[in-house]
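Input: structures, listed below.
Presented sequentially are two complexes of subunit A, the first with subunit B as partner and the second with subunit C.
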Partner chain A sequence: MKLNIEGLLVYFPYDYIYPEQYSYMLELKRTLDAKGHGVLEMPSGTGKTISLLSLIVAYQKAYPLEVTKLVYCSRTVPEIEKVVEELRKLMDYYAKQTGAKNDFLALALSSRKNLCIHPEVSSLRFGKEVDGKCHSLTASYIRAQHHSNPSQPVCQFYEQFDAVGRQVPIPPGIYNLDDLKDFGRRKGWCPYFLARYAILHANIVVYSYHYLLDPKIADLVSKELTKKSVVVFDEAHNIDNVCIDSMSVNITRRTLDRCQTNVETLQNTISRIKETDAAKLREEYRRLVEGLKEANVARETDMYLSNPVLPDEILQEAVPGSIRTAEHFVGFIKRFLEYLKARLRIHHVVQESAPQFLKDIYEKVCIDRKPLRFCAERLRSLLRTLEIADIADFSAITLISHFATLVSTYSKGFTIIIEPFEDRTPTIANPVLHFSCMDPSIAIKPVFGRFQSVIITSGTLSPLDIYPRILDFHPVTTASFTMTLARTCLCPLIVGRGNDQVAMTSKFETREDFAVIRNYGNLLLEMSAIVPDGIVAFFTSYIYMENIVASWYEQGILENIQRNKLIFIETQDAAETSMALEKYQEACENGRGAILLSVARGKVSEGIDFVHHFGRAVIMFGVPYVYTQSRILKARLEYLRDQFQIRENDFLTFDAMRHAAQCVGRAIRGKTDYGLMIFADKRYARADKRGKLPRWIQEHLTDGSLNLTIDETVQLAKHFLRQMAQPFRQEDQLGLSLLTLEQLQSEDMLQKIAQIAQQA
Partner chain B sequence: MDDQGCPRCKTTKYRNPSLKLMVNVCGHTLCESCVEMLFVRGSGNCVQCNTPLRKSNFRVQLFEDPAIDKEVEIRKKVLKIYNKRELDFSTLKEYNDYLEQVEDIVFNLTNNIDVERTKQIMEQYQRDNKDIIQKNKAKLTREQEELEELLLQEQQDSEQKRLETLQEEQRQLQTKRKNKQALLDELESSRLPAAVLLAQHKDRAVQLETQIEKQKQNVKPANIFSTGIMMGQTVSFASVSRVEEVLYVYQPLCIDAYGPPVPELDQLGRLGYLNHVCTASPQDQAGGYTSGLACHRAIQDAFSGLFTL
Partner chain C sequence: MDEEPERAKRWEGGYERTWEVLKEDESGSLKATVEDILFQAKRKRVFEGHGQVRLGMMRHLFVIIDSSRSMEDQDLKPNRLTSTLKLMEFFVEEYFDQNPISQIGIITTKNKRAEKLTDLAGNPKKHLAALKKAVDSTCVGEPSLYNSLNCVALPSGTDIKEILVIFSSLTTCDPANIYELIKTLNALKIRVSVIGLSAEVRVCTILTRETGGSYNVILDESHFKELLMLHVKPPPASSSSECSLIRMGFPQHVIASMSDQDAKPSFSMLHLDSTGEPGLTLGGYYCPQCRAKYTELPVECKVCGLTLVSAPHLARSFHHLFPLEAFQETPLEEYEGERFCETCQGELKDKCVFTCLACKKVFCVECDLFIHDTLHCCPGCMQTDRTS
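== the complex of A and B ==
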């Protein structure tokens, strides 16, 4: 249908539209008009993706000069594929309606592992291996050697692409990963490099977060995207953790040992090259004396994404004299390495700030701050000069150099924690140096600073005001949308007590209590008797789950449950878990019904949807707080308190509740779906926890569903399930939660729609 | 680490965890007991390279690679002499060349290349730059200053934060207690029904909460003077090094208006332009306005751009 969103003609590829989609598009349009950033929360299963795509594409077509590109960031490869499929539907609809030929170029980008078509390279199993092998076939000096010595193997796909691929642009259309591979095979071009080149002039790019947030990759891939782009982060409820991970470095004893061998290899290569080809080193030296000009030229007039690892001033200055020649630099790295080794030889935990570290390093091994800053850049230059083919081998030394650059560049927002052993195994020496970023805004700052609009969206972003605070930006719109429903298809219940009136909670003091464990078991047992098909239960941690399940086994609860349903358990092993999932789905399919026991923050809680009969009930045992004793977390909480005035408890609760919401949200994946959401902990009934759930869950949480006992829960659940089991047709939805164009245009419907969005 | 040991008595860290390895200027290790035994007289030769050594120069080995210990030792010595700062050079390039030269010297000394010559160069340098070395001894490098400043600030900040939170907590506790007492008093003395009083109390409590929240958000510790100088920082009054440059010469601005020449301001009256302009009143002239100004501006406006390019 064709919609009119405040004067913008939007083609929407379906005959019906949800009211909240319309509302969502309104807010989105306002955000784009204001050229600002937005935070939008809309429940999963209400068509977030298609609303986003159809509005932004319409905007691009209407104002081609205002918005030139859409960069859509998602988390996993299947999600990326899903987005591309939606986009294809939209473009087909455009073609059918307007009759014009599609002139849009949209493509997905992923790692070499998913895109390579070279028969030998693509058969490798791990991403790192593929990258390394690819590099050893396509590096510039390898190709130069190939010219003089044709027996040197190169990748013919890349050669083909390099010869002709750049002149002939890829024809407009929608390309997912497989389409790119097909296209590559037909032409004999490398799809990976083709995609990387094509994103520069594509209208829509779909890729993973890391291509934009991880400074090491962003510099390679995304630095030439134009300023007039709209960036969308979908499923962004974990974006702060992604940012932090991309800036943090962990160094173990093994890293240092591998680094040691790297240094030795470097030394040998340098002395060999010195004998055979001294001119090369001289050439590099000459370039360094003049400053890193080549990088400089590329950075002209702030056209490129600035790299947080390397601040601008570094690229403008020449490398300091003390690490200019190759030998001096290797000596420098050696000293740094020995210093780190000495630091790791400790018996108690040390926590210090970056300035303290720098002071200490100057006193111990006379390393100044400035050469440390240039370490990453200098190493890259050296590796390029030495023509080392297998970069993958040098990951250890690269990591160390990144650490050196980061620690000397940022004096705030980072902390260094050296732990002599893991908390769980205090007798085994396993020293780790955590250089941990505490401020997610550092990694994401260039993105906000550079692009005209950044949209952060997900099904669970509540409370909305905390994201702008921890990411340090000013959104022009922050809105939360509820789900309009023809029938109340979700039923959140907070169970606080067992039938024996013992409070149910996973609080640390009482979590080992027999009564609590038994009550949890009874709850699951009762639910397994009344809920049809699949039940998913989430625990707060793997250890807790193991304890409880063992205890249930001893008490005979497990046996009773198995009379009703089969039980599957998620483990830390990915292969085992996917096996369990597969069997779980099989059991649900054939009507036997099953229970999946899994862990919040685990694989199941994040990426896997339990549509319809795969998840009729979700039970959340306890509040999924993070492990609060970890020093990294403590440092981060302190930082948040000092810098952003966010109280520790607020953040911990926020983090726990977003994971809880993410877990229970797995069951409802659309309006025809229905499911119970059972929060089994009395602490959920408190206003501070309840208030942090997403609005679309909170709305259905009445006073009558708080602090229930198990048999009350069973009564409510039975009632709910019986209601939901009645046939539900599309006509029932029409006019309420599903609208035709005429219905959408009626006056009172527009009024209702205005209430859907709640501005934070 | 465990496989490290004394090359002379072959004891290793694994067999004797309390083994202490020592290093002297030549960069070869010996364990503490061997040092005691060999250097009873206070001096002797290295077992491995025959360099004459003093017992007092033995240091505990800090790093796994004794060569690093040796290098750091040498480096510290060299840096005591080569202590020029970036400010002592006029360009960055010169400074970088200087740094490289220092690095060369350290490299040569640690790897025993041209030791004699390098030492001569060092002595020569020391003689040439006596006053600068003396002067710079007391000064920290700019980077170190920066670091010290950061550390100081960190300390101050954490101290201040601690105090603040302590005070804040106490204040909150007090107000809450006061509030409760007030409610009890009111319940005792007031004639209103208890439900109303309770509701009022609840309202007040909520208000208090929001107030506290608000306060929390706009707390910003002042640690910078209005001039932008950090509190507690010492400002150096040393004269700024003068930069010799050519003096600036003013060149009158020349604008091509693409029109006939505009008459000068003082010619306007004579040429009769002012006849048709309203004369300025005394009030206007008080501020320095003359009708000539407006007229001149208008003529400039009218004349510019009359000729085509």
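== the complex of A and C ==
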């Protein structure tokens, strides 16, 4: 249907539209008009993706000079593929309606592992191996050697692409990863480099967060994106953690050991080259004197290590004299390494800031701040000069050099924590140096600064005001949308007590309590008897799950549950978990029924959807607080309090509730779906917790569903499940939660729609 | 106890905001809305006029009753099993009342296996007796959908076309992949319908969708009864099924009295395989083809396989083919004429009156229901037919 969104003609590829989609597009349009950033929360399964795409594409077509590019960031490869499919639908609709040929270029980009078509390289299993192998075939000096020595193997696909691929632009169309590969095979061009080149002039790019947020990759891939782009972060509820992870470095003794070997290899290579080709090293020295700018001429394949956010002025400067020659630099790294080793040889926990660390290193081994800052750049240059093909081996020394650069560049927002052992195993020495980023805004700042509109959207972003604060930006729109429903298809229940009136909670003091564990077991047992097909249960942590399951086994509860349903458990092993998931789905499919025990913040809670019968009920045992004793977290909380005036408790609750909402949200993936959401902890009933749930869940939490006993829960659940099993057709939705064009244009519907969006 | 099906107890049902449904009229009285609610309840009837479709009149229905552990649940009173069996008795009676030339068979499933309670037969008495006896059986283990469906589908040659599953459990314990069996059922053109007692189970959804049956889940006991009654009416026959002629015998009932010297007491052929004590009787129905004797109709002759029915039986199936059209509903205020119901002669007090489209006679709500549900013909039209 064709919609008129405040004067903008939007083609929407479906015959019906949800009222909240219309509302969402309105808000989005206003954000784009204002050329500002936006935070939008809309429940999953209400067609966020297609609303985003339809509006932004329409905007691009209407104002080609205002918005030139859409950069859509998603989390996983399947999600990326889904977005491309929606886009294809939209473009087909455009072609059908307007009759014009599609002149849009949209493509997905992923790692080499997903895009490589080289027969040998693509057969490797791990991403790192593929990258390393690819590099050893496509690096510039390898190709130079190939000229003089044709027996040196190169990748013919890259050669082809390099020869002609850049002159001929890729024809307009929608390309997902497979389409790119097909295209590459047909032309004999490398799809990965083709895609990386093509994103510069593509209208729509769909790729992973990391291509924008991780400074090491962003610098390579996304550097040249125009300012007039709209950037969308979908499923962005964890965006702060992604930012932090991309800037943090962990160094263990193993890393140092491997680094040591790296250094030795470097040293040997240097001395060998010195004998054979001293001119080369001299040439490098000359280059370094002239400054890094020239060295930084981007040769896209020379990806030794990319640049952590280096302020531009550093690149203009010359490398300091103390590390200019190769031997000196290796000596320098050696000294640094010895220092780190010494620091790791401790018996108590040390926490210090970056300036403290710099001061200490200066006093102990006389390493200055300035050379440290150039460490990453210098290593990059050295590795290129030495023509070391397989960079995969040098990850350890790369990591160390990153650390050196980061620690000397940022004096604020980072902390260094050295722990001699893990908390769980205080007897086993396993020293770790955490260089931890505490400020997610550091990584995302360039994104907000560079692009005119950045949209952060997800199903669970409540409370909305906290994201702008921790990411340090000023959105022009923040809005939360509810799900309009023809029938109440979600049923959140807060269970606070067992039948014996003992409070149920995963609070630290009572979590080992026998009665609490028994009550949790009874709850699961009762639910397994009345909920059909699949139940997903989430625990707060792996250890807690292990303890509870062990104790259920002793009490015989597990046996009783197994009479009703099969039990599957998520473990830390990815292969094991995916096996369990597969079997779980099979059991749900053939009527056996199953329970999946998993962990909040685990793989299952984030990426796996449990549509329809795969998840008729989600039980959240306890409040999934992050492990509060961890020093990194403590440091981060302190930083948040000092810098952003966010109280510790507020942040912890916010973090726990967003994960709880993520977990329970797994069950509802659309309006025809239905599911129970059971929060098994009495603390959920408190206003400060309840108020932080997304609005579309809160809306259905009545006073009657707070602090229930197990019996009451069973009654309510039974009633709900029977109600939901009654036939439900599309006609029932029509006019209420599903609109045709005429219905949409009626006056009172427009009024209703105005109420859907709640500005934060 | 009264015959009205008991609704779930107030405290068991959901939290109803009954006061929100009520609205005051202009004078501040609640009476109007209360009457409206009662009226709606009375009129809650399915008006799905089939129109001109072919119905499968000779039905062969197998009912599979889940009697696993979950049937002991007490959300139906006194428990699911007893309640189900009671409703089943009612269903069997109603079924034979409406489909006199059809047959039914009952299977129970528990403890992972299926058991035939009664074989396919056209006589309600045997089924009722078996159902009464089944009340005392214990409910153990899990049901097996596969085994029970297999139990029906396996014996080839019988032309079973319908299966009704009453499924209480949420799980099924199957020895093999049930989706294969669903394909077989589909190929055999067997319609499987399911009535769920607890919640929607995926495998049942697929089963009914693939085989073209219906799937319903009960809300309470009265809803359960309603859903069961939906299965009393014969389903529309699929267009691919051929019209077939069926040989039938219409035996005469021979009445012999003790005083008659020629009469000799004899056994009914039905007693051949029944375990009950054989009774010697004097009169009976004699198969017109082989002279075997039966005491009850309808029955399939044990000797020559002829279907024996009585003419009134056949006649009763007739109304399905020509269902009485729904009466026209008009509000009382708009109706002008004598305010008396044609049949019960009572005063028309309800909000609406019902007019037969053919004879223009007027009826009250109660009589309208009675005419459509039980009589299946309009008394007004009958009268005019006779007089003309």
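We take it that the second predicted complex is superposed on the first by the 746 of 760 C-alpha atoms of A that agree within 3 Å, B and C clash if a C-alpha of one lies under 4 Å from a C-alpha of the other, contacts with A are read in each partner's own complex, and residues count from 1 in each chain.
We take it that contacts are C-beta pairs under 8 Å (C-beta built on N, C-alpha and C of every residue); 3 or more make two chains touch, one makes a residue touch a chain.
Only a predicted model underlies this, so the values are computations on that prediction, with no experimental measurement involved.
In the three-chain model built by superposing on subunit A, subunit B and subunit C fit together without any clash.
Once the two complexes are overlaid on the shared chain, A:K341 sits against subunit B while remaining clear of subunit C.
Judged by the touch definition given at the top, the superposed model places A:D368 against subunit B, while subunit C stays out of reach. Contact with subunit B, but none with subunit C, is seen for A:P320 once the two complexes are overlaid on the shared chain. When the two complexes are overlaid on their common chain A, residue A:G704 makes contact with subunit C while staying clear of subunit B. Of the two partner chains, neither subunit B nor subunit C is touched by A:K274. Using the contact criterion defined above for the overlaid structures, shared-chain residue A:K565 touches subunit C, although it does not reach subunit B. Contacts of A:R282 after superposition: neither subunit B nor subunit C is touched. The superposed three-chain arrangement places the nearest Cα atoms of subunit B and subunit C 27 Å from each other. Common to the subunit B-facing and subunit C-facing surfaces of subunit A is no residue whatsoever. In the complex of the two chains, the subunit C residues touching subunit A come out as 12-15, 70, 75, 142, 145, 170-174, 177-179, 196, 198-205, 216-219.
Contact residues on subunit A toward subunit C in their complex (touch as defined above): 529-533, 563-565, 588-593, 612-613, 616, 704, 715-716, 718-719, 721-727. By the touch criterion stated above, subunit B contacts subunit A in their complex at residues 1, 62-65, 68, 71-72, 75-76, 79, 92-93, 95-104, 107, 141, 143-144, 147-148, 150-151, 154, 157, 161, 216-217, 219. On the side of subunit A, the complex with subunit B involves touching residues 289, 317-325, 327-328, 331, 334-335, 338-339, 341-342, 345, 353, 355-356, 358-359, 362, 364-366, 368-370, 411, 642, 645.
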